[in-house]
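I have placed the structure first, in the form of structure tokens, so that the comments after it can refer back to it.
Per-chain numbering from 1; labels A, B and C assigned in written order.
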Amino acid sequence: MIRKLLCAAAAASALMVGVAQAKETIVWWDFLGGGDGVRMKALLEEFNKEHAGSIEIQPTTLEWGVPFYTKVQTSAAVGEGPDVMTYHESRMPLGVSTGSLSPLGSEELAAAGVKAGDFGAADWKAAQGPDGKQYAVPLDIHSIILYYNKTLLKQAGLLGDDGRPKGLDGAANWDAALAKLTTNGVSALSVPTADNASVWRVFYTLLNQQDGVFLKDGKFLDGDNLAKATAVIGEMQKWVKSGWTPGKTEYPASIALFTSGKAAMHINGVWEIPTMVDLAKSGKLFDWGAIQIPTLYTHPATWADSHAFAIPDRHGNPVSPAKRALVLQTIHWFNEHSLAWAGGGHLPASLPVQDSQAFKDLKPNSDYASLAKTAVFDPVSTLAGVASPVYDAAGNFAMPAMNGEMAPADAAKQMRDDLQNQAK
Amino acid sequence: MNAVAARLQRLRAFDRIGLIATLATLALAILWAFPLYWGLVTTFKPDDETVQSGVHLWPQHFTLDNYAHVLTSTKIGFWYVNSLITSAAVTVIVVGMAAGAGYAISQLRFPGRRLCWWLILASFMVPIPALIVNHFILMAQLGLVNTLTGVVAPQLIAPVTIIIYKQFFDSVPKDFREAAVIDGASEFQLLFRLYLPMNWGVTTALAIITFIAAWNLFLWPFLAVTSEDKMNITVGITQVHDAFGVRYARDLAVAMLAALPVAVVYLVFQRRVTQAIMLSAGIKG
Amino acid sequence: MLRSRRSEWLAAFALMAPFVFIYGLLFVYPTIKMIELSFRAAPLIGYGRWIGLDNYRRLWSDRLFALSFWDTLYFVVLSVIPSVVLALVVALGVNRLKGWMQSLMLAAFFLPYILPVSVVFRLWQWMFDKDFGVAQLLIAPLNDGQHLSIFRTIPLFLPAVALVTVWWLLGFNVLLFIAGLRNIPVEIYEAASLDGAGRWAQFRRITWPLIWPVTVLVFTIQLILQLKIFDQVYLFSQGGRVDATIVMVEYIYKQAFQLNKGGLAAAASVVLFVLIVALSVLQYQLLRARGAR
């Protein structure tokens, strides 16, 4: 009975997709659910059109973060999963330790045209495991930026003649600016305060702006780094407590607050650039801009991560060599076409694209391109990276502290102890 | 005279209390229906209207765009088909197996009968979610993770259905059986020609409730399926991301589509559904 | 006679075969394997060495497991008691009505019960949405005029999920109570009324004792169901402080599928298993003893 039903199902799905026989298919998973997902969808369509009749990518976009990486890990363990997937470089040590990733040989990479020299040295190396093997090919470098509403900033006297905000550097100035921007019905700044990843990114940015070290030699927030972390959490808590930033705001809601003019500024990833660009194009957005996160402490620094492509290590059912070759060619194609991906706000990992005039002229990326020089990546550890214990800890301690449910000092201390405990 | 007046007085007081009780029930019923109504009406609003302040019980600009978007740009078609296949398979197998086992335990004497009955009662008490880890391992060993068979299999443990069949078969008068046996009917003929037709209502009720339960199941399909095209609808709508800005109305539209089949089944078979629920709780409706 | 006995056996085996196969493979075998796995240091997929009771010792000293245990019990208290009491009240109210009025009311209470949990999740996420949720109109006045993110405020999380759960499952309880009320003969009330018994006295002396067995039943069903809570808690806590509101099945899920610790997850499963079986046996006996008084 069930076999019959399954046959019927197969027939039904075959009808729905209309799969042609000779075509090679590549099963693709990503987590690109932000504004950049729209750009990736367009790129995927372009790829499929260009390779019509020979290769077809079948993409799936899963929930970003824990749901995505849980699926990847359990699928790989039972020999299921995609042929290729997006992966965060910050998670590389964790991914390699759980056996989710398949190493990429230098010969097969070369055969597909993927060259180490085409990428920044640090970026390329971050895609390697502790064993020195290459586990992924970078696609981009991405970071968080400050989106702003020019009209509201101008009203508050915070907009320079060049259309860029002024007077935001230094914690005192920043706080004063937030106070000034908060008026009846408008908050100064929206941040996804109910999203642990967003809280982590802001926290790590501000920690590094004062040379705070999150993890060194197996020790979390060692020495005076704890005090620095406390200061950062205290600062973030102040934004919410003073009514400058709405607390406990979900990711989509925090964007909606900004785009509907109910928040003058917005801190989020570059991947939401397309959301703004597309809204502005259809005339539904005010005059807006984006800049590098202001320097609240001693020097500029911004959290950054990198999207990369990887092949999962499907236990007992590995991706066949022929398919691997095809996948690597596909990866190469996406890097060659990553100017379109840069339209998703990102900095392309491919140096030829990065150096091209077309990218240098790309707006609004050039407005915040300076951040690349002072980008700081997540600690290299099996406890760090997207959907890792470090992100969990940010959600369990820094986030409630920011929302006023915990004292900053307690949050920093508990975060340290919790992670130190897991490091054993 | 006085006594009659007193009784009339009491009756009037009763009516006042009765009216208050009715109004309170009505208010509560409206409160209960509201979230469903509110969700439904939101799906007919354009995006900018969903984030407007104030309560608008009806859209100012009625639109079906959200449904059009969901139907064209998600794999909801796949999810529907998967939900339909797995729920139908679970229903057919569970009801078929339960009818056979219920009949055997009720009417036949055979070695191991007590053990089987004990097993059914034991499994009745055991929490299936506690078995998820080993169900997953077992499905992995059988190579059934990420297949529809793998989604169906652990749902087949449904002891209540067997217990109900047994109770109903127990209450079929012995005379019918004896008469049929004298006519030379085999056990299978007895089951299919006599016992099942006599309890046709029970079978439909059990089938409907099993189908609804399978359609609504979340935890196991969520674990057992890894790829988007094998997901059923309850999992798909929470796991697969639709990359766009303001998406309240779309999220709700896809939820309404997921609820539609069970809502229709319920409204069409209302009496059977309520009967089945009472049966599964051990009350003969 | 011997021949007919044999044919009876054959028919029985044929009819029982699917049951034996399915229950053996999907119930007995995994249960045994679960117990075995709980004594091993094993990942989710793969072998692990025998470590005796170490997994149980780790559970015993794991703060997160303790939290999941208490959270589960807390959730049971928050959801089961209100849903049983409210269902009885609603059933008494609905039962007084006649004809289409009754059907309509019953449908209003029952319709949520047949919805998939994902749909319930979406509806209430929208109702309570911090910025645009209609429920904020009621919440804001209680919170100094500020909107409040219910599902991101830890002390409110489980009560709110319990509220949603009561909304979702109430219809089921109502239905059972109505069935119980209908089984009480009208003559008893008529006789009592002639004796001059008041409304409250009628409820105390007639309705309550006669509805007691149904109450026991509803209570037991809800108790067992809510101990297995996962879906709503998981969905509503996604992206938030998951660990602060973790429940037992969620703990099992996290250990097995996120942290790849199959042995520990199996040990936690065994604990849940024993807890549910023990509680349901105990509670049923207890309530039945009181009802039989």
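Note that a residue touches a chain if its C-beta (ideal position, glycine included) is under 8 Å from a C-beta of that chain, and two chains touch if they have at least 3 such contacts.
What you are looking at is a predicted structure, and each value in this text was computed from that prediction instead of being measured.
Asker: Taking each chain's centre as the mean of its CA atoms, which one is farthest from the centre of chain B?
Answerer: Taking each chain's C-alpha mean as its centre, the farthest from chain B is A.
Asker: By the contact definition above, name the pair with the higher C-beta contact count: A-C or A-B.
Answerer: Greater number of contacting C-beta pairs: A-B.
Asker: In angstrom, rounded to a whole number, how far apart do the mean CA points of chain B and chain C lie?
Answerer: That gives a centre separation of 15 Å.
Asker: Chain A to chain B: how many Å between their CA centres?
Answerer: 40
Asker: Provide the list of chain C residues touching at least two other chains, using ranges where the numbers run on.
Answerer: As it turns out, chain C has residues touching two or more other chains at 44-45, 129, 131-132, 257.
Asker: For chain A, jot down the residues that touch at least 2 other chains.
Answerer: 63, 67, 74, 77-78, 256
Asker: Show the residues in chain B shared as contacts by 2 or more other chains, in ascending order.
Answerer: As it turns out, chain B has residues touching two or more other chains at 51, 93, 136, 140, 223, 238.
Asker: Which residues of chain C touch chain A in the complex?
Answerer: 43-46, 129-132, 147-149, 152-154, 238-244, 257-258, 260
Asker: Spell out the part of chain A that touches chain B in their complex, as residue ranges.
Answerer: Chain A reaches chain B through residues 1-2, 5-6, 8-9, 12-13, 16, 27, 31-38, 40-41, 58, 60-64, 67, 71, 74-75, 77-82, 252, 255-256, 259-260, 275, 279.
Asker: If you look only at chain B, which of its residues touch chain A in the complex?
Answerer: The touching residues are 51, 77-78, 81-82, 85, 88-89, 92-93, 136, 140, 143, 145-149, 152, 223, 226-229, 238-247.
Asker: Taking the touch rule as given, give the residues of chain A at its contact with chain C in the complex, in rising order.
Answerer: Against chain C, chain A makes touches at 63, 65-67, 70, 73-74, 77-78, 98, 194-196, 246-251, 253, 256-257, 315, 392, 395-396, 399-400, 403, 405.
Asker: Within their complex, state which residues of chain C touch chain B.
Answerer: Residues 7-9, 11-16, 18-20, 22-23, 25-31, 33-34, 37, 44-45, 90, 92-94, 96-97, 103-105, 107-112, 114-119, 121-124, 126-127, 129, 131-132, 134, 137, 167, 170, 172, 175-176, 179-180, 199, 214, 217-218, 221, 224, 227-228, 230-231, 235, 249, 252-253, 256-257, 262, 265-266, 269-270, 272-273, 276-277, 280-281.
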